[in-house]
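Here chain A shows up in two complexes: once beside chain B, once beside chain C.
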Partner chain A sequence: MATLSDISPRGSHWFTPAMGLAAVIALTAPLWLEPAGLYQYIGIEVAIWLIYALGFNLLFGYSGLHSFGHGAYLGVGAYAFGLYQLHVEVGLWGGLVAAMLAAGLAGALVGACVSHRRGIYFALLTIAFGQVFWFSAIKLHWLTGGEDGLLNIPRPDLSLGVVRVDLNDNTSFYYFVLIFLALTVLLMWRMVNAPFGRALQAIRQNELRARFVGYEVWRFKWMAFLISAMIAGLAGGLFAMAQQSAYPDVMSLHQSGLIVMMVLVGGGLVSFWGPVLGVLLYFLARDILGGLTETWLLWFGLLFVAMVMFKPEGLAGVLQDLQHGRRGPAKTSNPSLEVD
Partner chain B sequence: MALFEAHNLHKRFGARVVLEDISLAFEEGQVSGIMGPNGAGKTTCFNVLTGRYRPDRGSIRFKGREITGLAPQRIARLGIARSFQMMTLFDQSAVIENVMLALPAFHARRTQVLRSVFDKQDLLQQAETVLKEVGLVERAWDPSVSLSYGERRALEIGVALAQQPRILFLDEPTSGLGLEGRERLAELLQQLRSTYTIVMIEHDMAFLFRLADRISVVHWGQVIAEGDPASLMANKWVQRSALGGLQ
Partner chain C sequence: MTYLLPHLFNGLTLGLLFALIALGFTLIVGVMEVINLAHGSLFALGAYFALTLLGGDWLLDSAVGQWWTALPLAGRYLVALVFAPLLAAAAGMLLELCLRPTYGKVPLYGLLLTFGAALVIEELIRLIWGTGEQHLPLPQDINGAILLGGIIFSKYKLFAAGFALLAVAGVWVFLERTPYGAIIKAGAHDSEMVRALGYDLGRLRLLVFGFGAALAGLAGIVMAPIWGLRPHLGIDVVIPAFLVIVLGGVGSFWGAVIAALLVGLSVGITGAYASAWSLMSMYLLLIAVVGFRARGLFGRKSALEN
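Entry: the complex of A and B
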């Protein structure tokens, strides 16, 4: 089985036909979504969740830190964007920077508290902090608008010198979000193969050895938490633009569980592209299966159970098996621990 | 002054005293051995010396500097490397990456986030040099989990060497190795002794007596005898132990 820490074969292409196909599908989505019986907004929603999922997998898959309260940072980003627009100025970049900084600050504080913990204690603490944010969003009515949240958040125009792009048009906004998605993919791809990312993966594999070769393990975990929270904050800011509102439900345990489910079903534990598959599968299930039955989430939940029981490597694992099946077994895939 | 000194180390776990006023000194350029029966406190002693456990009292000095109670990562960065009795590798990573991760040059770039480690030719070359030293260069790009037991032992040492240490602590390096594996390891350590100060815990007394310049015998958490292999042969405890068969 391939794993996240595998090294691509030397001389392999950094851009594959599958990536090219995905790029073409993404770039032409506004042309075929409606003829395919879908709607423009789903493209925006999928792209935002892809950003969120890719950032989340830096923590969940690459660092092995099982955060179950990550919706908090999506929510903090959404609220920060909304508050900036409603109380500071109507400004695109200022709002998005505020979303990332606010989520980053929240992630830095929580990360400092949880990075010294492992396993179930880490997971429980992330849930607890997630609930603190969710509860605060409901109770701090004067700031967050309570259960109703912040409404009528404007979508500022994108200003490119003399050209102004109206992002209230969903097609324009889709391409705007797509640019951020491309940047997130590029950043994450570079990061997981750079010294920082490889050190994170080493810590995930063997924390004891990592400490004894000189790594400040908690600092790496904290940085992963911070970066992941900032990316969730960016996704949250874009989500607030898309919804033109920010509300507590985004921070709920249910929403935090959703991202875990997407990443696991997609195969985020074994592949960089796992979260992408998971998000696509979820939205396809919601909009196609959801058109056929109201109980679509039950079926998706059963799929999740089946995946965890029979193929914990997720969809990406299934695809890797098919690929290896075609090419024959990998040269070094079988551990051989015989004693001399 | 010895390169590495420990004075009056004391460590207890609950009511059980594991180390009781142990003092040890390891001279630069020597191979030092620690031997003793199971449960004597040898591995706890290593764990205290390398920062895994904090001693309840006593002091540890490296190159004259007090390092008592420092975290393992700080001790590692001072030039103290160790291997483990239970093999402790990055199993899902390639052999070469296990070594790269331990290189000081990699560590200096540990917060870089944009350039792939596999584009860094200097890191690859340094890692290959270490792998040549431990005889694993042919397996460089295989996952470490695919190595044989003996190769994994060699990689354990390779990871420690990659840290470019001044002193190398090896915890039962022959554990689980057959005769051929032990022989290869003895050859490797003979090569390394000219470059590194080595301290090793070893159950295989024939192996230890062949390599060590000086040996400390630990029992009941105390050093009960010390000396060069020849003088220890005359020690009563050593004579009563399995070493009697060597004479």
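Entry: the complex of A and C
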């Protein structure tokens, strides 16, 4: 089985036909979404979730740190954006910076508590911290508005010198989010192929060995946690703009579990682009299956269970197998995914 | 003190029930090194099976159904108390069969698979029993309130606490005083050695999973009248159960029992002073304990840390 570590930073082309196709699809989305029977808003939602999933995979796929409470940072970002708009000023950049800083602060604190942990204990602690954030969001009524959340968050205009763009129009907001998505992709691609990203992958494969080689393992884990929380915060800020509200539901264990499912089903464990496939599959399933049957989540859950049982490498793993021709089961097993 | 007494009692009841859920959980973790995120869903399934056995609409039309619902509630309740956990055990065994491809890989896959299973079970419950909140009917004998020393106690909570205490004691006797218990404990300690001694490891795992699921189902039936029945009950319950075993130390019987009582009491006492925050206290308890003792109160090193 191929793993993330097998993706060479050099050697492969920096631009492949598939990436070109994806870029064309993303750029032309507002033109064909409605004729295809969908709606403009789904483009925004998918783009925001892609930012979130790509940031999450730095932690989940590359570092092998399985956070089950990541919705908390998305939620913190959304609340920070909303509170900034409602109580400080109506401003785009200030709000987004506030979202990233607040999520970063939360991530830095939690990261400091969990970075010395490994495996299931790491997952457990992230669940507990995620629940604390979720619970606080519901109970701190004076700050967060309780179960209803913050309502009527304005979408500030984008002002670039003399040009002012009204983001209340879903098409212009879509392109705005798309720019952030492109930046996230670039940042992540640079990061995972830089020495920092390589060190994270070394930690995933064998934490003890990475420590003996001389890396200060917990600091790398903490950094990965912090960065991925900040990106979740950015996604949260954009999500608050998109929804024009912020509510506790995004921080629940369910929602935090969904991002894990998306990233795993897409193949975040074996490919940089896995989370992209997973997010697309989830939203397509939600809108197409969801249109046909009320119980689409049941079918998505069954698909997920089958995926974990038979093809944990996800969609990206299936595509890789097709690309390399079916040579039966992989010859070399991946040491990081098996315990002896 | 008299002000606190009912809260302490509530906490103790909650703790005993948590212990019952956590024991099944910790057995499964111990023998299989699988964190079963669907454990709460098995708990919910137990409660819903009991609801159906007590007389759902599905059998009202048939002659057998009319004969059954005409029987006294107490008798039907006892039948449900026996058969609903068995049905939950069957569901648990099915889950174990699904888990087999993940053995020998990192524990994450077991966690992920059971998370998916929890989602599937929750949706199935919505599909079969509807999305609304439902209530489990109770026999007269264990319903209502009782006056003890000037304080009103819920009769049902006394029953639940006593029942949970008996069940926990039963599990202890089973594990410590029977040959089957010895095999299970040996399996938790070193499953390779158990296989080398000629025991069928596959069957042992299947049975342990079934046993754990039955305990979860039993706890579900006893807990349902206190917490109510709703489709997302599974997720609501699995988190406290989870906290309990991490707090107590994975795979430890007394760790699970003591941690469950601690969690129950902390929820009960917080409930006395700041009821809105009572559930929060257990997360803070976990973070405080695990911050200092990575493996919980009585934990030992396990493969789950890889």
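Methods note: the second predicted complex is superposed on the first by the 321 of 340 C-alpha atoms of A that agree within 3 Å, B and C clash if a C-alpha of one lies under 4 Å from a C-alpha of the other, contacts with A are read in each partner's own complex, and residues count from 1 in each chain.
Assume a contact is a pair of C-beta atoms (placed from the backbone, for glycine too) under 8 Å apart; a residue touches a chain by one contact, two chains touch by 3 or more.
Just so it is clear, the model here is predicted, and its values are computed rather than measured.
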First (chain B), second (chain C), both or neither touched by A:R190 = first
Based on the superposed arrangement, let me know which partner A:S159 touches: chain B (first), chain C (second), both, or neither?
-> neither
Which holds for A:T28: it touches chain B only (first), chain C only (second), both, or neither?
-> neither
Could you tell me if A:L297 is touching chain B, chain C, both of them or neither one (first, second, both, neither)?
-> second
Taking the superposition as given, does A:R198 touch the first partner, chain B, the second, chain C, both, or neither?
-> first
Using the touch definition from the top, say if A:Q323 reaches chain B (first), chain C (second), both or neither.
-> neither
Partner chain in contact with A:F135 - chain B first, chain C second, else both or neither | second
Following superposition on chain A, which residues of chain A contact chain B and also contact chain C?
-> 336-339
Chain B contact footprint on chain A (complex, rising order) | 3-7, 10, 187, 190-191, 193-199, 201-202, 205-206, 208-217, 223, 331-340
Per the touch rule, the chain B residues reaching chain A in their complex are 50, 52, 71-73, 76-77, 81-82, 84, 88-94, 97, 100-102, 106-107, 109-118, 141-143, 145-150, 152, 159, 162-163, 176-178, 180-181
Inside the complex, what are the residues of chain C that reach chain A?
-> 35, 98, 101-102, 104-109, 111-113, 115-117, 119-120, 123-124, 126-127, 232, 235, 239, 242-243, 246, 276-277, 279-280, 283-284, 286-287, 290-291, 294-295, 303-306
Mind pulling up the chain A residues that touch chain C in the complex?
-> 66, 113, 116-121, 123-125, 127-129, 131-132, 135-136, 139, 253-254, 257, 260-261, 264, 295, 297-298, 300-302, 304-305, 308-310, 312, 336-339
